[in-house]
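Have a look at these structures, which come just after this line.
The following pair of complexes shares a single chain, chain A, combined with chain B in the former and chain C in the latter.
For the complex of A and B:
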């Protein structure tokens, strides 16, 4: 988790300040707890945190898990949600009223559902494995959970697409029409390319929100950073470690998500000036 | 006159010959909600003719033009372009629009494409013509509208007059038979109006059929073969420019001309 891994955004003093503050909070809380316990025989809080850090970041040895799994799930859910959201968003601006209405219903349903409840829904509604032409394809929990997280992303990306398409002046449609472009060509070649810039900042914003929601997948019993933090606490059986361990977990998410938020603001500013 | 078979609409009516009107409007009516903006307009445009439509704002001039290339559907009446009925649910709009070019008041260039890409897009993607040929034609058109050297500029880097001339080149790249100009100088600075008008005049002199909605009376008089004055959704008066501008008889026409001239 070095700062160099996210090159694009400028890491501001505020980022360092907040990161440092979180570190200090973890240490202070840990040290205070340790002094209360006054158990000199046990390793210090810092040493204990350090011991568990590889597990929380990367999962158990020879297994994929931990914070890296959270990031992988966020990538996959974002990819699925973005593709499905593009299709759904185009449905929202369709000229066919039934398509438009159905897309609207789907969008509103998934935009206004609690993510945790959606996750339970997907877990309970989908089978353990798919049987296609006699071949059983297992559907592991992490995959179901990823699909569950991609549903609200799909709905929100659809709204971003709809908003961006509607923000393009009608003159663009008229001139494309008068040049005999078909509706599909107009969307694909003229309208959507102009939408990309407007869509990227809100899309990145949703990515950050999604990443922060990934600990929800711990309910399906995968080794994500949240589950492993709880495992580590269970193994240590030391109540003074509770706050430092969760602070460490918050710290990982902060270090990853805050630069994305800064970058989003920068892009918003840049595109606002040019358009 | 009437092409009997519906199925031939795609390739245009085979019965049309150049001695017939290239655009024929007959008693067209158009309402937006409860407001009737066109109340029975009829006019014919011969091939190679330059028709100027003038009149106060809100008199339905722009709507009239938009009806010709089916951007706006009409409620009643008949519009024929090269003998092909436009007011027909089975109309192949895309085929019609290949024959009719249109230039707008706000230019409406595609801002994410360079000037020459704006010109090349439709021939490449709609007509699917070979790239080398399209590019050669686009370069010719860019120099025709006096924009050599601006091929790779984005619309945002061009002045209003330059953008409007790119828009004209973009329409011409489709090799249309009729050009529609919808108040193309209304959004321009006075000093750039002229460069656009010069371009249109050259087109007219080459024999392009033009329907021009304009507020530039001097230009209309100089370039037009026929002037139509519309007010309140009808054609109040029309005639050849010299007669129209000197002998207009209807009080509405005279009131309009006295305000503008």
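For the complex of A and C:
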């Protein structure tokens, strides 16, 4: 691997421009419709969108919610999923057959179940508070939803770990053994450090997928951007706002996820194994 | 069969394991209709998304700059926005704009119901990935093969239809399978717009009969079976269609 300066992620402004143009077109269409309909009494579509943007982005005042909550949930679920996935992934490459088989079963189970079903599972079957030694610890909905989302991430990170460990040439294991490294030392000091680079692009890809799955938590009753958009629409009761409001929400996610996708492709190219 | 239902009823009475969705005829009917809806939804979406993938990959080989750019914008938009919000956008934002049609009872109703909107949004979502997958397959077809077809006097569409596509599909089948499995799992999102598929029906049953745990386990088992059968079938297809002379 040659060492060079990290190329800045190319965000291709052309696509941003296109997306922005599409949004503007939708807004303009809505605006024109509103101007025709409204007898001058109601604020225009743009003004209304502007009014609700803080709510959709940051949630109600003095409360945590909205798009910021989506991002927070995605960070937390990714952290939990990655830690658990590392452990599970090492289980998948264990030399002990029972551990390997059990890890395989857990991985397959969480990889192949639909996200929404897992989310319901965690939401409905865990208590709303934990009682440890007489102290009640409340489990808020968003925390449970985060755990629910981290389960499929855990299984997929485990698969990434397994794939990366298996992609390291056998020679590395053998030379470590000949240097009298124990298995744990070999894994920790020789194999895993080489895996990190290969794991980063797919790991980022899963982060993007997770972020795009976070609106699912609106179905189980968390105040995320999706819920708040629908609340705002319900409060306004204006049908000409439907397209612009949903477009705005799509736009928020696009602006967040698109650069990640571009960056992932860049890293993939940079870290690609040359042969 | 009746003996089995009686046994399950006894299990409920004696041990409190409430499998009412099996032994009660009404609940069983609901659940089976839900499962049928899921299978139908998945099948139709898979067919449409593959169609979108084929057409999109064909348009990307086009010489028209605008067409290429349009396909690119479509792919980037649908790949980088949440499928759930897309579905809401289709159902709640575009739905009311559609013309209404008069049904058999003379009552005006929306042109598309929630099932149709779910099909549309999920097909476009998975289709965006399929375009990329097919394109990678098309690019992997050897240049010499295309040139040979060209020298035989085939038109551009004929080359795509008879030479490139059959090879491309076989090359990109593993990636396609992955995406189609993902699509089958994403059909659960249709729950959000009240399509009576398995998850929706299951949630109705566990609300009515208060058997959340039993229903949940049944639900997960069903989806694991569905995905398992699908993966098994596609792996067999993959093996049958393997292009000789590649890999091990």
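In this text, the second predicted complex is superposed on the first by the 247 of 275 C-alpha atoms of A that agree within 3 Å, B and C clash if a C-alpha of one lies under 4 Å from a C-alpha of the other, contacts with A are read in each partner's own complex, and residues count from 1 in each chain.
Throughout what follows, a contact is a pair of C-beta atoms (placed from the backbone, for glycine too) under 8 Å apart; a residue touches a chain by one contact, two chains touch by 3 or more.
None of the values given here were measured: they were computed from a predicted structure.
*Asks:* Following superposition onto chain A, is the placement of chain B relative to chain C best described as a clash or a fit?
*Replies:* fit
*Asks:* Thinking of the overlay built on chain A, is A:266 touched by chain B (first), by chain C (second), by both, or by neither?
*Replies:* After superposition on chain A, A:266 lies in contact with neither partner.
*Asks:* How wide is the angle at chain A between chain B and chain C, using CA centres, rounded to the nearest 10°?
*Replies:* So the C-alpha centres give an angle of 100 degrees.
*Asks:* Looking at A:174 after the superposition, I want to know if it touches chain B, chain C, both of them or none. Which is it: first, second, both, neither?
*Replies:* first
*Asks:* Should A:205 be classified as contacting the first partner (chain B), the second (chain C), both, or neither?
*Replies:* In the superposed model, A:205 contacts neither chain B nor chain C.
*Asks:* Name the chain, either chain B or chain C, that contacts more residues of chain A.
*Replies:* Here the partner covering more residues of chain A is C.
*Asks:* Taking the superposition as given, does A:189 touch the first partner, chain B, the second, chain C, both, or neither?
*Replies:* first
*Asks:* Between chain B (first) and chain C (second), which, if any, makes contact with A:213: first, second, both or neither?
*Replies:* second
*Asks:* Just to be sure I read the superposition right, which of the two partners does A:114 touch: chain B = first, chain C = second, or both, or neither?
*Replies:* The second partner, chain C, only.
*Asks:* In whole Å, what is the nearest CA distance you get between chain B and chain C after the fit?
*Replies:* Scanning every C-alpha pair, the shortest chain B to chain C distance is 20 Å.
*Asks:* What part of chain A is shared between its chain B contacts and its chain C contacts?
*Replies:* In chain A, no position sits in both the chain B and chain C interfaces.
*Asks:* In the complex, go through chain C and note every residue touching chain A.
*Replies:* Interface residues on chain C, with respect to chain A: 69, 72-73, 76-77, 79-86, 88-89, 92-94, 96-97, 181, 185-189, 191-192, 199, 203, 206, 212-213, 216, 219-220, 223-224, 227-228, 231.
*Asks:* Within their complex, state which residues of chain B touch chain A.
*Replies:* Result: residues 69, 71, 93-95, 97-98, 100-102, 104, 106, 108-112, 121-122, 125-126, 167, 170-171, 174 of chain B touch chain A.
*Asks:* Using the touch definition up top, name the residues of chain A that touch chain C in the complex.
*Replies:* Within the complex, chain A contacts chain C at residues 15, 18-19, 22, 109, 112-117, 120-121, 124-125, 208, 211-216, 218-219, 226, 230, 233, 239, 242-243, 245-247, 249-250, 253-254, 257-258, 261.
*Asks:* Within the complex, which stretch of chain A touches chain B?
*Replies:* Spelled out, the residues of chain A in touch with chain B are 169, 171-172, 174-182, 185, 189-190, 193-194.
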